[in-house]
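Once you've had a glance at the structure underneath, I'll fire off some questions.
In order of appearance the chains are A, B, C and D, and numbering begins at 1 in each one.
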Amino acid sequence: MSYARQMLDTYPRTLNVDADMLAATIDALSDCAQACIADTDADLSEDNLAEMVKCIRLCLNCTDICTATAGILSRLAEYDADATRPLLEACAATCKSCGDECEQHAHMPHCRICADACRRCERACRDLLGALK
Amino acid sequence: MSYARQMLDTYPRTLNVDADMLAATIDALSDCAQACIADTDADLSEDNLAEMVKCIRLCLNCTDICTATAGILSRLAEYDADATRPLLEACAATCKSCGDECEQHAHMPHCRICADACRRCERACRDLLGALK
Amino acid sequence: MSYARQMLDTYPRTLNVDADMLAATIDALSDCAQACIADTDADLSEDNLAEMVKCIRLCLNCTDICTATAGILSRLAEYDADATRPLLEACAATCKSCGDECEQHAHMPHCRICADACRRCERACRDLLGALK
Amino acid sequence: MSYARQMLDTYPRTLNVDADMLAATIDALSDCAQACIADTDADLSEDNLAEMVKCIRLCLNCTDICTATAGILSRLAEYDADATRPLLEACAATCKSCGDECEQHAHMPHCRICADACRRCERACRDLLGALK
(Lines give C-alpha, C1' and ligand atoms only; values in the text may rest on other atoms or scores of the structure.)
Protein backbone atom coordinates (compact mmCIF):
# COMPACT_ATOMS: atom_id res chain seq x y z
CA MET A 1 0.00 0.00 0.00
CA SER A 2 1.47 3.40 -0.96
CA TYR A 3 2.27 6.00 1.68
CA ALA A 4 -0.32 8.31 0.11
CA ARG A 5 -2.95 5.62 0.75
CA GLN A 6 -1.71 4.78 4.27
CA MET A 7 -1.79 8.47 5.19
CA LEU A 8 -5.32 8.93 3.82
CA ASP A 9 -6.50 5.94 5.88
CA THR A 10 -5.32 7.63 9.08
CA TYR A 11 -6.60 11.13 8.30
CA PRO A 12 -8.16 12.56 11.48
CA ARG A 13 -11.17 14.06 9.66
CA THR A 14 -13.76 12.68 7.24
CA LEU A 15 -12.85 12.99 3.57
CA ASN A 16 -15.45 14.31 1.12
CA VAL A 17 -13.97 12.31 -1.74
CA ASP A 18 -13.39 8.57 -2.29
CA ALA A 19 -10.09 7.64 -0.59
CA ASP A 20 -9.19 4.97 -3.19
CA MET A 21 -9.58 7.38 -6.06
CA LEU A 22 -7.73 10.19 -4.29
CA ALA A 23 -4.82 7.96 -3.28
CA ALA A 24 -4.61 6.55 -6.82
CA THR A 25 -4.45 10.09 -8.23
CA ILE A 26 -1.75 11.23 -5.80
CA ASP A 27 0.29 8.11 -6.60
CA ALA A 28 -0.14 8.65 -10.35
CA LEU A 29 1.01 12.27 -9.94
CA SER A 30 4.12 11.26 -7.98
CA ASP A 31 4.94 8.53 -10.49
CA CYS A 32 4.50 10.92 -13.40
CA ALA A 33 6.66 13.60 -11.76
CA GLN A 34 9.43 11.05 -11.17
CA ALA A 35 9.17 9.58 -14.68
CA CYS A 36 9.39 13.08 -16.19
CA ILE A 37 12.42 14.07 -14.07
CA ALA A 38 14.20 10.88 -15.17
CA ASP A 39 13.09 11.21 -18.79
CA THR A 40 14.47 14.75 -18.97
CA ASP A 41 17.86 13.41 -17.92
CA ALA A 42 17.64 10.39 -20.25
CA ASP A 43 16.67 12.66 -23.18
CA LEU A 44 19.76 14.78 -22.48
CA SER A 45 21.86 11.62 -22.85
CA GLU A 46 20.61 10.90 -26.38
CA ASP A 47 22.61 11.74 -29.49
CA ASN A 48 19.79 13.29 -31.51
CA LEU A 49 19.35 16.14 -29.05
CA ALA A 50 17.58 18.52 -31.41
CA GLU A 51 14.69 16.04 -31.67
CA MET A 52 14.42 15.78 -27.88
CA VAL A 53 14.08 19.48 -27.04
CA LYS A 54 10.29 19.60 -27.13
CA CYS A 55 10.12 16.44 -25.02
CA ILE A 56 12.51 17.90 -22.42
CA ARG A 57 10.50 21.11 -22.08
CA LEU A 58 7.19 19.27 -21.76
CA CYS A 59 8.69 16.90 -19.18
CA LEU A 60 9.90 19.87 -17.13
CA ASN A 61 6.43 21.44 -17.22
CA CYS A 62 4.83 18.12 -16.36
CA THR A 63 7.16 17.63 -13.37
CA ASP A 64 6.28 21.08 -12.01
CA ILE A 65 2.51 20.77 -12.33
CA CYS A 66 2.30 17.13 -11.12
CA THR A 67 4.37 17.96 -8.01
CA ALA A 68 2.17 20.96 -7.18
CA THR A 69 -1.07 19.06 -7.83
CA ALA A 70 0.01 16.15 -5.62
CA GLY A 71 0.72 18.59 -2.80
CA ILE A 72 -2.57 20.45 -3.15
CA LEU A 73 -4.64 17.22 -3.41
CA SER A 74 -2.97 16.05 -0.19
CA ARG A 75 -4.39 19.07 1.67
CA LEU A 76 -7.99 18.05 1.85
CA ALA A 77 -9.52 20.21 4.49
CA GLU A 78 -9.36 23.42 2.46
CA TYR A 79 -10.51 21.85 -0.77
CA ASP A 80 -11.69 24.68 -3.03
CA ALA A 81 -13.43 23.71 -6.27
CA ASP A 82 -12.65 27.08 -7.92
CA ALA A 83 -8.95 26.31 -7.72
CA THR A 84 -8.85 22.49 -7.79
CA ARG A 85 -10.91 21.97 -10.95
CA PRO A 86 -8.85 24.21 -13.27
CA LEU A 87 -5.64 22.85 -11.70
CA LEU A 88 -6.68 19.27 -12.49
CA GLU A 89 -7.66 20.38 -16.02
CA ALA A 90 -4.28 22.08 -16.50
CA CYS A 91 -2.51 19.01 -15.12
CA ALA A 92 -4.44 16.60 -17.36
CA ALA A 93 -3.73 18.81 -20.42
CA THR A 94 -0.01 18.96 -19.56
CA CYS A 95 0.15 15.17 -19.08
CA LYS A 96 -1.60 14.73 -22.43
CA SER A 97 0.87 16.98 -24.31
CA CYS A 98 3.83 15.35 -22.60
CA GLY A 99 2.48 11.83 -23.17
CA ASP A 100 1.81 12.57 -26.86
CA GLU A 101 5.34 13.87 -27.33
CA CYS A 102 6.95 10.96 -25.43
CA GLU A 103 4.96 8.53 -27.57
CA GLN A 104 6.61 10.02 -30.68
CA HIS A 105 9.87 8.61 -29.28
CA ALA A 106 8.42 5.34 -28.02
CA HIS A 107 11.29 3.47 -29.69
CA MET A 108 13.38 4.85 -26.81
CA PRO A 109 12.38 2.75 -23.78
CA HIS A 110 12.67 5.73 -21.39
CA CYS A 111 10.19 7.75 -23.45
CA ARG A 112 7.84 4.76 -23.73
CA ILE A 113 7.75 4.35 -19.94
CA CYS A 114 7.36 8.10 -19.42
CA ALA A 115 4.46 8.17 -21.92
CA ASP A 116 2.81 5.39 -19.91
CA ALA A 117 3.20 7.36 -16.65
CA CYS A 118 1.75 10.49 -18.34
CA ARG A 119 -1.25 8.55 -19.73
CA ARG A 120 -2.04 7.01 -16.35
CA CYS A 121 -1.74 10.40 -14.68
CA GLU A 122 -3.94 12.15 -17.25
CA ARG A 123 -6.62 9.46 -16.73
CA ALA A 124 -6.39 9.73 -12.93
CA CYS A 125 -6.79 13.53 -13.07
CA ARG A 126 -9.81 13.22 -15.39
CA ASP A 127 -11.40 10.50 -13.21
CA LEU A 128 -11.00 12.70 -10.16
CA LEU A 129 -12.41 15.70 -12.04
CA GLY A 130 -15.45 13.58 -12.89
CA ALA A 131 -15.92 12.55 -9.28
CA LEU A 132 -15.49 16.01 -7.74
CA LYS A 133 -18.75 17.84 -7.40
CA MET B 1 15.94 44.76 -12.76
CA SER B 2 14.87 41.29 -11.61
CA TYR B 3 16.66 38.17 -12.83
CA ALA B 4 13.40 37.03 -14.45
CA ARG B 5 13.45 40.23 -16.54
CA GLN B 6 17.19 40.08 -17.31
CA MET B 7 16.79 36.49 -18.48
CA LEU B 8 13.80 37.32 -20.69
CA ASP B 9 15.81 40.15 -22.31
CA THR B 10 18.49 37.68 -23.37
CA TYR B 11 16.19 34.90 -24.58
CA PRO B 12 17.60 33.50 -27.83
CA ARG B 13 14.19 33.28 -29.55
CA THR B 14 11.35 35.76 -30.12
CA LEU B 15 8.70 35.80 -27.41
CA ASN B 16 5.03 35.75 -28.40
CA VAL B 17 3.99 37.67 -25.28
CA ASP B 18 4.95 41.08 -23.89
CA ALA B 19 8.23 40.68 -21.96
CA ASP B 20 7.35 43.35 -19.38
CA MET B 21 4.08 41.66 -18.49
CA LEU B 22 5.60 38.19 -18.42
CA ALA B 23 8.53 39.26 -16.22
CA ALA B 24 6.15 41.10 -13.87
CA THR B 25 4.02 37.95 -13.55
CA ILE B 26 6.99 35.67 -12.86
CA ASP B 27 8.26 38.14 -10.24
CA ALA B 28 4.82 38.36 -8.61
CA LEU B 29 4.64 34.55 -8.48
CA SER B 30 8.09 34.25 -6.85
CA ASP B 31 7.24 37.01 -4.36
CA CYS B 32 3.94 35.35 -3.49
CA ALA B 33 5.53 31.92 -3.05
CA GLN B 34 8.14 33.40 -0.71
CA ALA B 35 5.58 35.43 1.26
CA CYS B 36 3.40 32.31 1.69
CA ILE B 37 6.35 30.15 2.85
CA ALA B 38 7.26 32.78 5.42
CA ASP B 39 3.66 33.40 6.45
CA THR B 40 3.13 29.69 7.11
CA ASP B 41 6.05 29.78 9.53
CA ALA B 42 4.95 33.05 11.13
CA ASP B 43 1.39 31.69 11.58
CA LEU B 44 2.86 28.67 13.38
CA SER B 45 4.53 31.08 15.83
CA GLU B 46 1.24 32.70 16.85
CA ASP B 47 -0.59 31.81 20.06
CA ASN B 48 -4.09 31.52 18.60
CA LEU B 49 -3.13 28.57 16.42
CA ALA B 50 -6.65 27.24 15.88
CA GLU B 51 -7.54 30.47 14.07
CA MET B 52 -4.49 30.19 11.80
CA VAL B 53 -5.07 26.67 10.46
CA LYS B 54 -7.03 27.69 7.37
CA CYS B 55 -4.46 30.39 6.60
CA ILE B 56 -1.60 27.87 6.89
CA ARG B 57 -3.25 25.39 4.52
CA LEU B 58 -4.07 28.06 1.93
CA CYS B 59 -0.51 29.43 2.14
CA LEU B 60 0.87 25.93 1.52
CA ASN B 61 -1.37 25.50 -1.53
CA CYS B 62 -0.46 28.97 -2.77
CA THR B 63 3.27 28.24 -2.44
CA ASP B 64 2.93 25.03 -4.47
CA ILE B 65 0.92 26.51 -7.33
CA CYS B 66 2.88 29.79 -7.58
CA THR B 67 6.19 27.89 -7.72
CA ALA B 68 4.89 25.58 -10.47
CA THR B 69 3.34 28.43 -12.45
CA ALA B 70 6.55 30.50 -12.31
CA GLY B 71 8.48 27.51 -13.68
CA ILE B 72 6.02 26.82 -16.48
CA LEU B 73 5.76 30.50 -17.50
CA SER B 74 9.56 30.58 -17.71
CA ARG B 75 9.50 27.86 -20.40
CA LEU B 76 8.18 29.86 -23.29
CA ALA B 77 8.94 27.86 -26.36
CA GLU B 78 6.40 25.13 -25.64
CA TYR B 79 3.66 27.48 -24.52
CA ASP B 80 0.39 25.53 -24.72
CA ALA B 81 -2.84 27.48 -24.20
CA ASP B 82 -4.81 24.36 -23.21
CA ALA B 83 -2.59 23.95 -20.15
CA THR B 84 -1.46 27.52 -19.41
CA ARG B 85 -4.90 29.14 -19.27
CA PRO B 86 -6.46 26.80 -16.66
CA LEU B 87 -3.19 26.86 -14.68
CA LEU B 88 -3.30 30.67 -14.53
CA GLU B 89 -6.99 30.50 -13.57
CA ALA B 90 -6.23 27.98 -10.81
CA CYS B 91 -3.32 30.11 -9.62
CA ALA B 92 -5.39 33.31 -9.56
CA ALA B 93 -8.20 31.52 -7.66
CA THR B 94 -5.71 30.14 -5.12
CA CYS B 95 -4.11 33.56 -4.63
CA LYS B 96 -7.58 35.06 -4.15
CA SER B 97 -8.58 32.51 -1.47
CA CYS B 98 -5.25 32.89 0.29
CA GLY B 99 -5.33 36.69 0.08
CA ASP B 100 -8.90 36.79 1.42
CA GLU B 101 -7.94 34.60 4.36
CA CYS B 102 -4.73 36.54 5.13
CA GLU B 103 -6.73 39.77 5.07
CA GLN B 104 -8.91 38.39 7.88
CA HIS B 105 -5.74 38.51 10.02
CA ALA B 106 -4.45 41.81 8.68
CA HIS B 107 -3.85 43.00 12.25
CA MET B 108 -0.88 40.61 12.15
CA PRO B 109 1.73 42.38 10.01
CA HIS B 110 2.96 39.10 8.44
CA CYS B 111 -0.56 38.28 7.21
CA ARG B 112 -1.05 41.83 5.92
CA ILE B 113 2.13 41.61 3.84
CA CYS B 114 1.24 38.13 2.62
CA ALA B 115 -2.25 39.33 1.61
CA ASP B 116 -0.59 42.11 -0.38
CA ALA B 117 1.69 39.61 -2.19
CA CYS B 118 -1.34 37.39 -2.96
CA ARG B 119 -3.37 40.33 -4.34
CA ARG B 120 -0.52 41.46 -6.59
CA CYS B 121 -0.02 37.90 -7.83
CA GLU B 122 -3.71 37.34 -8.50
CA ARG B 123 -3.81 40.57 -10.52
CA ALA B 124 -0.67 39.63 -12.47
CA CYS B 125 -2.13 36.20 -13.36
CA ARG B 126 -5.40 37.76 -14.50
CA ASP B 127 -3.58 40.43 -16.56
CA LEU B 128 -1.54 37.76 -18.28
CA LEU B 129 -4.66 35.66 -18.88
CA GLY B 130 -6.23 38.70 -20.55
CA ALA B 131 -3.19 39.21 -22.76
CA LEU B 132 -2.75 35.57 -23.82
CA LYS B 133 -4.60 34.78 -26.97
CA MET C 1 8.45 -2.08 -10.12
CA SER C 2 8.54 1.65 -9.37
CA TYR C 3 8.85 4.22 -12.15
CA ALA C 4 12.18 5.34 -10.66
CA ARG C 5 13.46 1.77 -11.15
CA GLN C 6 11.95 1.34 -14.62
CA MET C 7 13.53 4.61 -15.73
CA LEU C 8 16.96 3.67 -14.34
CA ASP C 9 16.78 0.36 -16.22
CA THR C 10 16.37 2.22 -19.51
CA TYR C 11 18.98 4.92 -18.91
CA PRO C 12 20.95 5.42 -22.14
CA ARG C 13 24.33 5.66 -20.36
CA THR C 14 26.17 3.46 -17.86
CA LEU C 15 25.50 4.29 -14.22
CA ASN C 16 28.43 4.53 -11.81
CA VAL C 17 26.31 3.47 -8.85
CA ASP C 18 24.24 0.34 -8.13
CA ALA C 19 20.83 0.76 -9.82
CA ASP C 20 18.94 -1.17 -7.11
CA MET C 21 20.32 1.03 -4.35
CA LEU C 22 19.76 4.24 -6.28
CA ALA C 23 16.18 3.34 -7.20
CA ALA C 24 15.45 2.34 -3.61
CA THR C 25 16.77 5.70 -2.39
CA ILE C 26 14.76 7.72 -4.90
CA ASP C 27 11.62 5.75 -3.96
CA ALA C 28 12.28 6.27 -0.24
CA LEU C 29 12.70 10.01 -0.85
CA SER C 30 9.42 10.26 -2.80
CA ASP C 31 7.59 8.23 -0.15
CA CYS C 32 8.99 10.39 2.62
CA ALA C 33 8.11 13.64 0.84
CA GLN C 34 4.53 12.41 0.33
CA ALA C 35 4.20 11.16 3.93
CA CYS C 36 5.46 14.51 5.25
CA ILE C 37 3.08 16.53 3.04
CA ALA C 38 0.16 14.43 4.27
CA ASP C 39 1.35 14.46 7.89
CA THR C 40 1.54 18.26 7.87
CA ASP C 41 -2.11 18.36 6.87
CA ALA C 42 -3.14 15.66 9.35
CA ASP C 43 -1.29 17.47 12.17
CA LEU C 44 -3.25 20.63 11.32
CA SER C 45 -6.47 18.63 11.84
CA GLU C 46 -5.57 17.65 15.40
CA ASP C 47 -7.01 19.40 18.45
CA ASN C 48 -3.77 19.76 20.41
CA LEU C 49 -2.24 22.05 17.81
CA ALA C 50 0.38 23.60 20.06
CA GLU C 51 2.01 20.18 20.48
CA MET C 52 2.10 19.63 16.71
CA VAL C 53 3.92 22.82 15.69
CA LYS C 54 7.43 21.39 15.80
CA CYS C 55 6.26 18.32 13.88
CA ILE C 56 4.66 20.50 11.18
CA ARG C 57 7.80 22.57 10.69
CA LEU C 58 10.06 19.54 10.50
CA CYS C 59 7.68 17.85 8.04
CA LEU C 60 7.79 20.96 5.82
CA ASN C 61 11.59 20.96 5.87
CA CYS C 62 11.67 17.23 5.19
CA THR C 63 9.32 17.61 2.20
CA ASP C 64 11.54 20.31 0.68
CA ILE C 65 14.84 18.48 1.06
CA CYS C 66 13.53 15.04 0.03
CA THR C 67 11.95 16.47 -3.12
CA ALA C 68 15.18 18.26 -4.08
CA THR C 69 17.35 15.23 -3.29
CA ALA C 70 15.15 12.90 -5.36
CA GLY C 71 15.48 15.28 -8.32
CA ILE C 72 19.24 15.63 -8.02
CA LEU C 73 19.80 11.87 -7.58
CA SER C 74 17.75 11.32 -10.74
CA ARG C 75 20.27 13.38 -12.77
CA LEU C 76 23.16 10.99 -12.83
CA ALA C 77 25.40 12.18 -15.58
CA GLU C 78 26.60 15.28 -13.73
CA TYR C 79 27.04 13.54 -10.40
CA ASP C 80 29.29 15.75 -8.27
CA ALA C 81 30.53 14.32 -4.96
CA ASP C 82 31.21 17.80 -3.51
CA ALA C 83 27.52 18.59 -3.71
CA THR C 84 25.85 15.17 -3.44
CA ARG C 85 27.55 14.00 -0.23
CA PRO C 86 26.61 17.01 1.94
CA LEU C 87 23.13 17.01 0.42
CA LEU C 88 22.62 13.36 1.41
CA GLU C 89 23.99 14.16 4.88
CA ALA C 90 21.62 17.11 5.24
CA CYS C 91 18.73 14.98 4.00
CA ALA C 92 19.53 12.11 6.40
CA ALA C 93 19.82 14.57 9.33
CA THR C 94 16.49 16.18 8.42
CA CYS C 95 14.78 12.78 8.13
CA LYS C 96 16.23 11.83 11.51
CA SER C 97 14.92 14.99 13.24
CA CYS C 98 11.53 14.62 11.60
CA GLY C 99 11.32 10.89 12.37
CA ASP C 100 12.29 11.51 16.02
CA GLU C 101 9.60 14.14 16.38
CA CYS C 102 6.92 12.07 14.63
CA GLU C 103 7.77 9.15 16.92
CA GLN C 104 6.90 11.35 19.91
CA HIS C 105 3.34 11.33 18.55
CA ALA C 106 3.30 7.67 17.49
CA HIS C 107 -0.07 7.24 19.22
CA MET C 108 -1.44 9.20 16.26
CA PRO C 109 -1.41 6.73 13.36
CA HIS C 110 -0.50 9.43 10.80
CA CYS C 111 2.62 10.36 12.77
CA ARG C 112 3.56 6.70 13.22
CA ILE C 113 3.42 6.08 9.48
CA CYS C 114 5.31 9.31 8.77
CA ALA C 115 8.01 8.32 11.30
CA ASP C 116 8.35 5.01 9.46
CA ALA C 117 8.77 6.79 6.09
CA CYS C 118 11.39 9.13 7.62
CA ARG C 119 13.35 6.20 9.14
CA ARG C 120 13.41 4.31 5.86
CA CYS C 121 14.49 7.43 4.00
CA GLU C 122 17.24 8.25 6.50
CA ARG C 123 18.58 4.69 6.17
CA ALA C 124 18.44 4.81 2.36
CA CYS C 125 20.37 8.13 2.30
CA ARG C 126 23.01 6.73 4.66
CA ASP C 127 23.32 3.49 2.64
CA LEU C 128 23.83 5.49 -0.54
CA LEU C 129 26.36 7.75 1.21
CA GLY C 130 28.28 4.62 2.23
CA ALA C 131 28.23 3.30 -1.34
CA LEU C 132 29.25 6.54 -3.06
CA LYS C 133 32.96 6.86 -3.45
CA MET D 1 12.43 45.86 0.09
CA SER D 2 11.98 42.20 -0.89
CA TYR D 3 9.09 40.15 0.48
CA ALA D 4 11.61 37.87 2.20
CA ARG D 5 12.91 40.92 4.10
CA GLN D 6 9.44 42.34 4.84
CA MET D 7 8.34 38.98 6.21
CA LEU D 8 11.43 38.63 8.41
CA ASP D 9 10.80 42.10 9.84
CA THR D 10 7.35 41.01 11.01
CA TYR D 11 8.32 37.59 12.37
CA PRO D 12 6.51 37.07 15.69
CA ARG D 13 9.55 35.56 17.44
CA THR D 14 13.16 36.68 17.92
CA LEU D 15 15.56 35.49 15.22
CA ASN D 16 18.89 34.00 16.26
CA VAL D 17 20.57 35.15 13.07
CA ASP D 18 21.08 38.58 11.49
CA ALA D 19 17.90 39.47 9.55
CA ASP D 20 19.78 41.39 6.82
CA MET D 21 22.06 38.48 6.09
CA LEU D 22 19.24 35.94 6.17
CA ALA D 23 16.99 37.99 3.89
CA ALA D 24 19.88 38.57 1.48
CA THR D 25 20.54 34.81 1.34
CA ILE D 26 16.88 33.92 0.74
CA ASP D 27 16.70 36.56 -2.02
CA ALA D 28 19.91 35.27 -3.62
CA LEU D 29 18.50 31.71 -3.54
CA SER D 30 15.22 32.77 -5.20
CA ASP D 31 17.09 34.79 -7.82
CA CYS D 32 19.42 31.89 -8.55
CA ALA D 33 16.56 29.40 -8.83
CA GLN D 34 14.76 31.69 -11.28
CA ALA D 35 17.91 32.39 -13.32
CA CYS D 36 18.60 28.64 -13.57
CA ILE D 37 15.03 27.80 -14.63
CA ALA D 38 15.23 30.45 -17.36
CA ASP D 39 18.77 29.48 -18.38
CA THR D 40 17.71 25.85 -18.84
CA ASP D 41 15.07 27.00 -21.29
CA ALA D 42 17.41 29.45 -23.04
CA ASP D 43 20.08 26.73 -23.38
CA LEU D 44 17.48 24.48 -25.02
CA SER D 45 16.92 27.24 -27.61
CA GLU D 46 20.57 27.32 -28.69
CA ASP D 47 21.84 25.60 -31.84
CA ASN D 48 24.93 23.97 -30.32
CA LEU D 49 22.87 21.79 -28.00
CA ALA D 50 25.54 19.16 -27.36
CA GLU D 51 27.70 21.84 -25.70
CA MET D 52 24.83 22.95 -23.45
CA VAL D 53 23.91 19.57 -21.92
CA LYS D 54 26.17 19.85 -18.89
CA CYS D 55 24.93 23.40 -18.28
CA ILE D 56 21.29 22.27 -18.46
CA ARG D 57 21.82 19.46 -15.95
CA LEU D 58 23.67 21.68 -13.50
CA CYS D 59 20.99 24.38 -13.82
CA LEU D 60 18.29 21.80 -13.02
CA ASN D 61 20.20 20.64 -9.94
CA CYS D 62 20.81 24.24 -8.89
CA THR D 63 17.09 25.08 -9.23
CA ASP D 64 16.13 22.13 -7.02
CA ILE D 65 18.61 22.80 -4.23
CA CYS D 66 18.15 26.61 -4.18
CA THR D 67 14.36 26.24 -3.96
CA ALA D 68 14.63 23.75 -1.08
CA THR D 69 17.24 25.82 0.76
CA ALA D 70 15.16 29.00 0.48
CA GLY D 71 12.19 27.15 1.99
CA ILE D 72 14.18 25.66 4.85
CA LEU D 73 15.94 28.95 5.66
CA SER D 74 12.51 30.59 5.84
CA ARG D 75 11.49 28.24 8.67
CA LEU D 76 13.54 29.66 11.47
CA ALA D 77 12.03 28.30 14.60
CA GLU D 78 13.22 24.73 14.08
CA TYR D 79 16.68 25.70 12.89
CA ASP D 80 18.87 22.60 13.19
CA ALA D 81 22.61 23.04 12.61
CA ASP D 82 23.11 19.33 11.80
CA ALA D 83 20.89 19.71 8.75
CA THR D 84 21.32 23.38 7.82
CA ARG D 85 25.12 23.45 7.63
CA PRO D 86 25.54 20.54 5.17
CA LEU D 87 22.58 21.83 3.14
CA LEU D 88 24.23 25.25 2.79
CA GLU D 89 27.50 23.51 1.87
CA ALA D 90 25.75 21.39 -0.74
CA CYS D 91 23.97 24.46 -2.08
CA ALA D 92 27.17 26.53 -2.28
CA ALA D 93 28.97 23.64 -4.06
CA THR D 94 26.10 23.27 -6.55
CA CYS D 95 26.04 27.02 -7.23
CA LYS D 96 29.81 26.94 -7.76
CA SER D 97 29.65 24.07 -10.30
CA CYS D 98 26.74 25.69 -12.10
CA GLY D 99 28.38 29.13 -12.07
CA ASP D 100 31.67 27.67 -13.40
CA GLU D 101 29.86 25.93 -16.25
CA CYS D 102 27.73 28.98 -17.12
CA GLU D 103 30.88 31.09 -17.21
CA GLN D 104 32.26 28.81 -19.92
CA HIS D 105 29.41 30.10 -22.11
CA ALA D 106 29.60 33.70 -20.95
CA HIS D 107 29.50 34.85 -24.60
CA MET D 108 25.81 33.89 -24.41
CA PRO D 109 24.18 36.69 -22.39
CA HIS D 110 21.73 34.29 -20.66
CA CYS D 111 24.61 32.17 -19.35
CA ARG D 112 26.53 35.26 -18.25
CA ILE D 113 23.57 36.48 -16.19
CA CYS D 114 22.95 33.01 -14.77
CA ALA D 115 26.65 32.72 -13.80
CA ASP D 116 26.30 36.03 -11.96
CA ALA D 117 23.22 34.78 -10.04
CA CYS D 118 25.07 31.56 -9.13
CA ARG D 119 28.15 33.47 -7.89
CA ARG D 120 26.04 35.78 -5.73
CA CYS D 121 24.12 32.82 -4.33
CA GLU D 122 27.27 30.81 -3.59
CA ARG D 123 28.71 33.82 -1.73
CA ALA D 124 25.50 34.37 0.24
CA CYS D 125 25.40 30.69 1.31
CA ARG D 126 29.07 30.84 2.41
CA ASP D 127 28.52 34.12 4.29
CA LEU D 128 25.59 32.61 6.13
CA LEU D 129 27.58 29.44 6.89
CA GLY D 130 30.28 31.67 8.41
CA ALA D 131 27.74 33.49 10.55
CA LEU D 132 25.86 30.41 11.79
CA LYS D 133 27.25 29.07 15.01
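FYI, contacts are C-beta pairs under 8 Å (C-beta built on N, C-alpha and C of every residue); 3 or more make two chains touch, one makes a residue touch a chain.
Please read these numbers as outputs of a predicted model, since none were measured by experiment.
Asks: Of the chain pairs C-D and B-C, which one is connected by the greater count of C-beta contacts?
Replies: C-D
Asks: So which of A-D, A-C or A-B matches B-D, with over half of the contact pairs the same residue numbers?
Replies: A-C
Asks: Roughly how far is chain C from chain D, going centre to centre by Cα mean, in whole Å?
Replies: 21
Asks: Averaging only over C-alpha atoms, locate the centres of chain B and chain C and give their separation in whole Å.
Replies: The separation of the two C-alpha centroids amounts to 27 Å.
Asks: Mind pulling the residue numbers of chain A that touch at least two other chains?
Replies: As it turns out, chain A has residues touching two or more other chains at 40-41, 44, 53, 57, 60, 67, 71, 75, 77.
Asks: In the complex formed with chain B, which residues of chain A make contact?
Replies: Within the complex, chain A touches chain B at residues 53-54, 57-58, 60-61, 64-65, 67-68, 71-72, 75, 77-78, 80, 82-87, 89-90, 93-94, 97.
Asks: State the interface residues of chain A toward chain C in the complex, per the touch definition above.
Replies: Its residues touching chain C are 2-4, 6-13, 26, 30-32, 34-35, 37-42, 44-46, 67, 70-71, 74-77, 108-110, 113-114, 117.
Asks: For the complex, which residues does chain C have touching chain B?
Replies: Contacts found on chain C: 40-41, 44, 49-50, 53, 56-57, 60.
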